[in-house]
Each structure stands twice: as structure tokens, then as C-alpha cells.
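Structures incoming, each one as C-alpha cells.
The following pair of complexes shares a single chain, subunit A, combined with subunit B in the former and subunit C in the latter.
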Partner chain A sequence: MHWLSKKRNILIMLIPTLIVYLVYMIIPIAMAIGYSFTKYTGIGNAKFVGFNNYIRLFRDHTFWIALKNTAVIFVIAFVLLMIGAFVVALLLNLNLKGKSFAQSLIFSPAVIAPIIVGILWVFILDPQIGLINAIIRSLGLGQGIKWIGGQTLTPVSVAIVYFWQQLGYLATIYLAGLKMIPVEIEEAAQIDGASAWQKLWYVTIPMMRSTISTVAILVITGTFKIFEIVQQLTNGGPNHISETLITYSYSATFTNGEYGYGMSLATATFFISLVVIAIYFGLSKEHSRKEAS
Partner chain B sequence: MKNVLKKIAALGMVAAIATSATGCATSNQSPSSGATSEKKSGSKTVITLGMHVANVDQQEPVTGKIIKAFEQANPNITVQIQGNDKDAHVNKMKLDAQSGELPDIFWMDSSVAPQLNSSGVLLDLSDFLKTYPAVNNALSENMKAASRSSDGKQYGLPYQSLVTGFWYNKAVFKRAGIDAPKNGTTYDELIKMVKALRAKGIIPIAQGAKDAYSVWGFLTGLERYGYFSKIDSILNGKAKFDNPDFLKYFSKINGLGKAGAFPSNCATSTYFQAKADFTSGKAAMFDSGVWDAGVLDKSIGKDVGFWWGPTFQDSSDNQKVSMNVSSAPFCVSKAVGDNQLKKDAVYKFLAFYYSKQAAKISYEGSIIPATNYKVDANLESKPAFKAVVTALQASGWSSPKAQPDLVLTEAVQAQLYDSIYGTMLGTYSPKEALEKIDSVQQQQ
Partner chain C sequence: MNKSNRKTGFSTGAQVVIYVFLTFVVLLAILPFLWMIMLSFKTNSQILSNPLSFPTTISLENYRRAIQLLNLGNLYKNTIFIVVVSIAIELCFTFASSFALAKMTFRCKKTRSTLYEFLLLGLAISPFILLFPVYRINTIVHLKEQMGLVMPYVASSVSFNTLLFVGYLKELPSEIDEAAIIDGCNLGQQIIRVIVPMAKPVIATVVVFNVLYIWNEFPFASVILHNTSNYTLALGASFFKGKYNIDYSGMIASSTLMIIPELIFYGIFQKNIVSGMTAGAVKG
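This part shows the complex of A and B:
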């Protein structure tokens, strides 16, 4: 054990992980940032163009549409998932009949590949051939609603599909957090006469803080990289009105062959998600500080 | 070392976007070692062929048959296919070009091939055409010119003939009680057809905007407003896409959309769903090309017809425009020229690919080859293909030097498709749609 505790040996053991992290995370991100200052078609040499791609980005109407759609997806998915998954975890933590079956059922969408999830939901949401509008039409309630393919509801639909896919996975993480709360503390609260609501608010949630942060980070990063669902539902269209930051970045890079501009979109997405995470941490620290004082 | 660094750099960039988006494209490589270095398996010379489909035998059966016939005729040469879906293939070729590992022969997108040529990785095939004069004669001038640079370098040769237009179903028109379109049918007559078809609950023209590139028939219309007389000035920055002629044309497309010419779920449909609407008899017309002839022979049979699209009375440009042009080219890696054995094998393959024998295989597989050999082929059992051949033989109708989108860069091409669909769906006004193309063109 003494050998293990030596700093030098710890560093040696960390080297393989650090190399993998460096090669697959740090270097690609640094290179993407580097390429974002170039004009590059993927062939020949990249030409340095300074901040041109970023100036173009700010003037690009589609970028703002993609940002708006991403923001809508993020807000809806964040609220629904943070609360919904927690409620589901609380229910699963109760000793109810059929709990294991319900847990498997709720978790099952998480094991389906996102691309399949997208295909599946096309048959539910498509205005012409989708299940929901077929029901609306059969009930004589009109021709149905443009769930996907329109300007307003597409990002909402994407958020709902993402919520459906991620709910079970995030509820499982919450459940693991709930299981780690010592029973003695809950019993002590009960003896002190705390109601179920007070137990939840003053014991469970504060003790779940690190789990809640983990889930929040997963939701933030997850919503900023939803790709396959959008690709299958609308492919960013029609006419880019349902693009998200990541699908637009992919489209600019690989469909339009504008690697430099595509990388500036990827870099912007990266920094926006960092800012959102920083805001979240800032707000939760502030909240903790207020509680402590 | 420089090549290795370039490859790492290119891979790094792909990895960067992959950290945000995973699982974007499918790839299906047939076994191949993939480099251009000399390969001999036993006494055989191996040449590599990069294709834009994952499974050549299934997705490009005619090419598969030509390769097999070539290998039979040349038992000392083996063709090793490297297949990927189109987007993955194009990106892979870009990476391979950076690292000097291009396949010996490869299909390349028309908008990317000139860039590869500029970077000096392609072999000049003028020498091949001199060595094989029969091939040179069999390829018409517009077919060769499409892959020739301004300095005269022949950086590619057409993979096939690209014939595009509108398929129509005679039985559906009969059901609606109206005449099917024919060469010379005007835009106003088309609008009347659209209204009559809509009244009977029939989709007039099957289109799928989710596959933005599926606007072939509407690209032909651009030439009826003088596209190739304007495009050089536009690309030089002396003129704009937003000009009175193109504005008239885009207004016409917009008019079709307003008249209900396209499916109500056009925005969320794919090209394949549009095809299904047509083959199932729900749609009267379908924007596509000769590559669908085989499917239409089986699904619609004798009732299928082929039309070059509407003519426009408010245009002074030639209206008798057909679209029989060079498809995306086959290119050859420059590294092939450094290895005589490999070069001979590649030349033999190309000579066979553009031979009369290969042309016969093409016709039998309902594909129009790039060559102009007179071939005896029984077309009675192929009504869709026969309809295309008949349309091609129409007197007075001629094709431009290329399909309009194929002379643009990838980004402008993508915006052109987007603008056409945007105008059809009413997302963009005609002027807005054209301004968007100009905006992307200015970025190039």
C-alpha cells in the first residue's frame, strides 16, 4: 500500500487515462477551436481567416434559429427531466407492488439507440402518417397538428422525445442517490414529527445535492448534443427551421463542406454549454451558501 | 511524416465534432487494405475502387456486373471495392487525399472533384483518352468537359449519364380525367393539371424535402431561364442569383406550391417516401431520374411515362431543354501514375468500363451509360427505361453541359436545394430564397 501512496506512482498509473483523455478530448477540442479560425473545405490547406467565421456566425439567421431551438429543447427537457425523473425515482423507492417491472419498463427507452428512437417517433408525430394525428382525425377533431416539420412545435416535440428516452436512465441515477441516504436520518426526522413534504424538502433533497448536480450536468450536456432524434424527425428542416446547434454544425461541416465554419459552430456550442453549466453551478452554490447562512 | 500529421489533423477534427454528435453516418466497408501502394495477390494485380454506396452489388448492380465481367475478361486483375454511404464516402476520400491513401479509382461528388484536382491528388486522364481513342470517341464532348479543368486537365470521367426529370403515371391521369404531360406542356397547363388532380385527392408531384437534394426536375427548369448563360458571371461575382429571370422561375415554383402541387407532408417526407407515394398510385408525378426505371418497371409497368418538365412562356431562353449530362465522375489517384503495373491495370479497367460490352450491360440494367455506342437491347420488357430513351430521342431537345447544381461548390449547392424546397413549401419568398443563395455564394 505504501507503494500506491507515492505521488510519483499515482501519476504513473494515471498516465494511460490522461493520454486517452488528451488524445480523444483535449487535442480534438483544441484543434476544432484552431480550425474555427480558418476557411477549410477538408481538402488541401486550411486558410487562416481570423474571426471571420465568428462574425458570419453572429450574422447567420440559421445560427440564431438553431440556438433558439436548442434553448427551447434545453429548458423543456431540463424542467421535465429534473422534476419528472426525481418523482419517478421517489415512486420507485416506495415499496409498491410491481416496482421491478415498472423500473424495467421506465428504463427500457434508454437502451434503444437514439436513431431508432427518432424513427419510432416519426410514426407517432408525423403530421400525415403519424399516430397522434390519425387519432385526432378519426375523432373528427380536424386535420391534426404539425408536431414536426413546423416552426413552433418541432423543438417542443424533440424535447418530449428526449424526455421519454432519458427519463428512466436519470430516474435510476436519482434512485441510486436515494438509496444512499442513511435510513437513520429519515427515521430521526420522522420521530421529530416532520411531515412527508418536510422530509423531502429538508432531508432528502439536501442530501441528494451531488446526485442532483450529476443529473443536471447530464441533462445539460445531453440536450446540447441531441443529434439523431432531430436528424430522424426532421433532419433539421424544412429549410433549417428545426436545426439545433449540433445538427447545424454537422450540416455546415459535412453537408456544405465548410469545415472552418462548422468548427466555429461546434466551438460556440461548446462554450455555450460551458456557460450554462457554470450558471447552474453558480446558482446552486449561491443557494447552498444562503441555506448555510 | 507530413502526411501522417495531416491525417491526424483531419481525424482530430472529425473526432472533435464526434464528441458532440455520435453515430452520424453508417459505414460498410468491404474487406480491403485500401492504400494505393502496389498490391499483387499471387500473380494478380489488385486495383482499389472507392464507391459511394455501401453495397455495390445491391445498390449499383450494373456497376457490380461490369466489374465482374471485367474480372472475367482480365483474370490477372482483381478489383477490390471500398464502399460507403455517399456522405461517409466523400468525407473519407477527403481524409484519404490528405494522407495520400486514395483508392486507385473512386467515385467523387462533382462539387468536390475540382477541389481534389486543385490540391494535385488526381491523375490527368487525357493520356488515357489518347491511349484509348475508341473511348475518347464514345464519350461526347459535354460528358468529358464536365470533369475538365480550365487548364485542360481531364481530372475525371463520367460514372454514368445523369438523366433526370419527372416520371408520370398515365393511369392516375386517366383516373383524374385529364391528359398526361408531354414535351412542351407549359407551366400554366401544369397548374391546371395540379388543380384537377388535387380535386380528385391525388398528390400532383411527389417530393420529399427531408432529402433536400431531390429537386432534379426543378434544376432543369433553371436552364429554361438561361442558367448557363448567367452562371459564370454569378460565380465571378459580376451577377447574382437574385436576377429577374431566376426570380420569375422561383415565383413559378412558389406558385406550384400554393396550387397544392406537393404532398401535405412534403416537409417531413424523404425522397423514398415520395417514391412510395408514386409507386402506390397516390401521386401522379415524381421528381427523379433514370436510376428509378428498374423499380418503376416493376411497380407501374406500361403506365409509366417520362417528362422533361414544364416550359415557360415568359422566358426568352431555349425551352427545349432535356437533362442528359455527366453524372459525378470517376477519378483516379495521382499515385497510380507512379506505378506502371497499376496504371496499366487501371487503364484496362477504365477502357472496359467505357466499352460497348459495358454499355450493353448498362442498358440491360436500365442505366444510360456515359458512352454513346449503338447497342441492341430489348426494351419492351422495360417500359420505364424505354420512356426515358424515347424522351432522349425527342427531336430538337438538347441538354446543357451539366446539371445546374453540379457546377457549384458544396455549400452553394446545398443552399440551392434548400432555396428550391423553401420556395415550394412557402418558407421563403422567391426573392428571399435567391438572396440566400447569393449570401452563401459570397462566403465562398
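This part shows the complex of A and C:
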């Protein structure tokens, strides 16, 4: 291989990827951070304003609402998905009839466009025309509940839609982890007389630690990217009460044309998601250290 | 005494519970699709007044309107164009760079691993922080509309493709490419005649995964495409949602027409889709 690995050859092979990656992935992040310190309306030049946008952000009521909504979505989706997908994976790992058919149906929501997922759920959650309220009304249980568009339930509904979309996908990742556990270990636990619960708690879950981390990272980064679902369900409204960090930064940037402020929101969102990942890693490391000692 | 099943190790009662629960999960997953298909045969006033009732007649009126008003043919054409161009470019770029990272000899070993890790960083980057800067860069380099969308899609694919390609190419035995070189192949011939045929499975996975990503992508498309005649399917999906009124039946029919081809695609390439989506996650 050496004689073909001339420096010139390596460069020719690497340069196209590197250029596209730098120009459309790395430089934009630097630009976003840069713009977040400016006031820019799209006309003329961006004006440097120091930390003004971040000060404004701290005083912005809508930012805190968006942060709260994002946190609610995150917590509910995280708990539901981490546990729900694990349970589904455990079931799919059993020797059941029709399990591969079931698996492919449960996986299917992850394949379709998120914007269509949002549209589909409008027809289920909408207070007037949605399926759930139609059932509630036809059973004579009252006028139904304001699943979307109201003060409190919208982020919960978004989390549930996200749960629906991701369940099969994350279960499949768990399943891949379950298949990697050596059969001998499970058999050894069985011979030692471990009950199903003991086996799950002392063998399966500890052996799945890295898969569980993977799923956790996917849920954390995923919930900070939920956009189309919110946009279709409420578009952040009415009056910004169902805004999330992403939808708020999008509308500040592209609807209101406040590019500088929008970029400070986008940058803040990006760092918040990195902090959540760091916290998760900190917690899980501490946990495994405790267990080791 | 409980008769437990040899295969699962559960009693018959527990098995029934498991089957019922799994059936419930499956129903939960497909119910929104079934609901959509049922609604798509109903008129706007039926949807508004009595959503639960079954459609009395199967009316294809919604579909006719969706196809006409949306210009669905054009949406498909635009989407397929962007998919084909983006994937052709990204395959050439990322396969070459992954080959260099996996198979070529770097004078300094550290350079290789640093580059590899650098190219994987993108997995942690949310597209939403990139939207406005990418829009600005496009105006600077004079790319707009469809071509302006291709480059961010290529860039978004770099991390995933590098992860899968490098992982796969490293596993290929190096005796084969050494033999090819001894037989007088140059670098280009070696890649096209020897490496690419061996890498077919991973290329299939990468292609299918990226087709799906671009097909479904909304944020970049919404920022970069302005001309309605260039809209992709994902952008067209919200066409029936006006600012003040919503054409529910048009929306549901067009959504159905967009989902069905996608579910067929999933049915055909299920193995590649599932392995791509999970391999990317498990290895990353």
C-alpha cells in the first residue's frame, strides 16, 4: 500500500470531503456563535453588540417558557422511551411467533417524514376534529380535553408523539444490545437459580450499559431537535405558549428576521443540549463507579 | 403446576399477557396510519362534524384535489432530483475520504485518528444551529434553490458515511488490494474494480439511509427553497394548512400519498434501513 499512499494521493482523496464538511458544518457553527453577538436585520452589516442578545435572552419571558416546554418534553420523552423501548426490546427478544412482523410494524413510524408525523397527530389530538376527543364525546364523557393549543398539555402531547415516532427505532437498538449478551452468561445465571427479575437486574441491565448510554444520547439529542411535530401541532402558539427552544429560535430568526437574537437562541440551545449530555455522562459514570466499589 | 413454555420459559398465562401487550403496542404504532386512511375518504364537512363515522362512500375526490392543487408530480420530481444529485456527490466524496482514512498509510498515525474523530463530530451537531449560517454561506458562494440544498445535505452525511465506510473498509483483508496493486492497478482502478464491489452491502446501507434522510428533511429545505416550483415533498406537506383556514381533507389525502411510497420503500429495503439506523447509533 505504501507506494500508493503518496501525500498527494491522500490529499486528493480527502480534500473534497474536508472542504464540504468545513464550509457547511464547522464554519457555520463559528458563524452562528459570531452572529449571536451582533444585531443583524439582513440589511447592511451585522453590528457587534457584545452580550446584549444574551442579556435580552435572560429577560425574555418567551425564552423561559420555551425552555420549560423543552424540559417537560425531554423529561417525559426520556422516561417513556428509556423504559418503554427497553420493555418492547425484551419482548421482541423472546421466542414469539410473528415477532419480526411486529418489529417491522413498530419500527415504521421512524421511517416517515417528521412533518407527516406532525400532520397525522393533528388528526388525533386536535380538540375539535381529533380522534381522542371524538371518542370522549361519543362515550358521553364531556366535551373532551384541550390536548394541543392549551396552557399545559401541549408539551406533554409533543412528548407522546415523539414517543410514538421513536419507540420502535430505539427498541431495535436495545434489541441489538440484547443480542450481544453472550448466551453462556444468561445460562450461568439460570443455573445459579436466578429468577427472571434477578437475571434482568443483575445480568441483563449491567451488560447493556453501553447500549443504554447510546439510547440515552439519542433521546437527549433527539428531543432537542423536535421541530416539525411542534410546528404542525401548534406552531408554538397561541401567543408563544407552546414554543420550544428550537421553534422559538427558528421563528425569531426566520419569521421575525432578528438574525442576531435568533442565533443567540440557537447557540444557547446547542450548549444546553451539550450540558445535558455532559450531566448524563457525569451521572452514569458516578453510578458505575459506585457499583464497582 | 404451571406448564412453562420451553422456548420462552414463561407460563401459558404470562405468554398470553405478553402477546396481548405486544399486540397493543403494534396497534398503537399503526393506528394513526389507519385513521389517516379512513379520514382520507371523507369530505371536509364530514371530518369536522363527525370524525368517528365510517365514510359512507369511498370518494377519491380528496386525492384528485391533492394531486391537482399540490402538483404532486412536480414535488416528486424535485425530491428525486435532490436525492440523486446529493447522494451521487456524497458517495464519491465520502467513499474516497473513507478509503484514505481506512486503507492508506499516513506518515503520522495521529493525523489519521484526529481526522477521523474530527469528521465524526457532525453526529453531535444539531442542524438548527446551522440553518441561518448555511443560508448566508449559500449567498456568498452563489448557490441557491436546489443546488443550495445539495451541499448542506452532503455535509450532513459526512459523519454517518465516514463512520460506516471506515468501519467496513478496515475489516476488508488488505491482501486483496495488495494483489490488485501487484497486478498493475493504479489507485483509481483499485478502488473502482476491487474495493467498490466488495463494499456493496455497506454502500447499499449508506444510500438507503441517506435517501430517507433527504426525502424527509424539512428544516434546511424550508430555509433554502423559496420558489414553490422547487419545493420538495416535505415542504409540500403543509400546503393545505393556510394561515386562517385548514383544508383538512386535502391535507390528509396528500399526506397519505406521501406516506404510501415511503412505506413501500421501507418494506423493500427494511433490512438496509434498520441496519443503517441502528449501526450508526450503535457504533457511534
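Definition applied: the second predicted complex is superposed on the first by the 268 of 293 C-alpha atoms of A that agree within 3 Å, B and C clash if a C-alpha of one lies under 4 Å from a C-alpha of the other, contacts with A are read in each partner's own complex, and residues count from 1 in each chain.
Following the convention adopted for this analysis, a contact is a pair of C-beta atoms (placed from the backbone, for glycine too) under 8 Å apart; a residue touches a chain by one contact, two chains touch by 3 or more.
Since the model is a prediction, treat every value here as computed from it, not as a measurement.
Asks: Mind telling me which of the two, subunit B or subunit C, contacts the most residues of subunit A?
Replies: So, of the two partners, C touches more residues of subunit A.
Asks: Name the contact category of A:Tyr54: first (subunit B only), second (subunit C only), both, or neither.
Replies: Once the two structures are laid over each other on A, A:Tyr54 reaches no partner at all.
Asks: Which partner does A:Val111 contact after superposing on A: first (subunit B), second (subunit C), both, neither?
Replies: So A:Val111 only meets subunit C here.
Asks: Should A:Thr234 be classified as contacting the first partner (subunit B), the second (subunit C), both, or neither?
Replies: Only subunit B is touched by A:Thr234; subunit C is not.
Asks: Going by the contact rule set out at the top, does A:Met25 touch subunit B (first), subunit C (second), both, or neither?
Replies: both
Asks: With the two complexes superposed on chain A, say which partner A:Leu96 touches: subunit B (first), subunit C (second), both, or neither.
Replies: second
Asks: Can A:Glu258 be said to touch subunit B (first), subunit C (second), both, or neither?
Replies: first
Asks: A:Met13 in the overlay: touching subunit B, subunit C, both, or neither? Say first, second, both or neither.
Replies: Second partner only.
Asks: Counting only touches as set out at the top, which of subunit B and subunit C does A:Tyr280 meet: first, second, both, neither?
Replies: neither
Asks: Hey, what residues of subunit A end up touching subunit B and subunit C alike?
Replies: Shared contact residues on subunit A: 24-25, 27-29, 31-32, 35, 113-115, 128-129, 224-225, 227-228, 246, 249-250, 253-254, 259, 262-263, 266, 269-270.
Asks: If you look only at subunit A, which of its residues touch subunit C in the complex?
Replies: Spelled out, the residues of subunit A in touch with subunit C are 1-5, 7, 9-10, 12-14, 16-18, 20-21, 23-29, 31-32, 35, 88, 91-92, 94-96, 99, 102, 104-116, 119-121, 123-124, 128-131, 134-135, 138, 164, 167-169, 172-173, 176-177, 196, 211, 214-215, 218, 221, 224-225, 227-228, 232, 246, 249-250, 253-254, 259, 262-263, 266-267, 269-270, 273-274, 277.
Asks: Show which residues of subunit C lie in contact with subunit A when the two form their complex.
Replies: Residues in contact with subunit A: 7-10, 18-19, 21-23, 25-26, 28-30, 32-33, 35-36, 39, 47-48, 50-52, 92-94, 96-97, 99-101, 103-107, 115, 119, 121-122, 124-134, 136-137, 141, 151-152, 154-156, 158, 162, 174, 177-178, 181, 186-187, 190, 212, 215-216, 218-219, 222-223, 233-234, 237-238, 241, 248, 251-252, 255, 258-259, 262-263, 265-266, 270, 273-274, 277-278, 281-282, 284.
Asks: Which subunit B residues qualify as touching subunit A in the complex?
Replies: On the subunit B side, the touching residues are 9-10, 12-13, 15-24, 87, 91, 94-95, 97-98, 111-112, 115-116, 118-119, 209-212, 263-269, 409-411, 414-415, 418, 421-422, 425, 427-428, 440, 443.
Asks: Once bound in the complex, which stretches of subunit A touch subunit B?
Replies: 24-25, 27-29, 31-32, 35, 41-44, 56, 113-115, 122, 126-129, 148-150, 224-225, 227-228, 231, 233-235, 237-241, 246-247, 249-251, 253-259, 261-263, 266, 269-270
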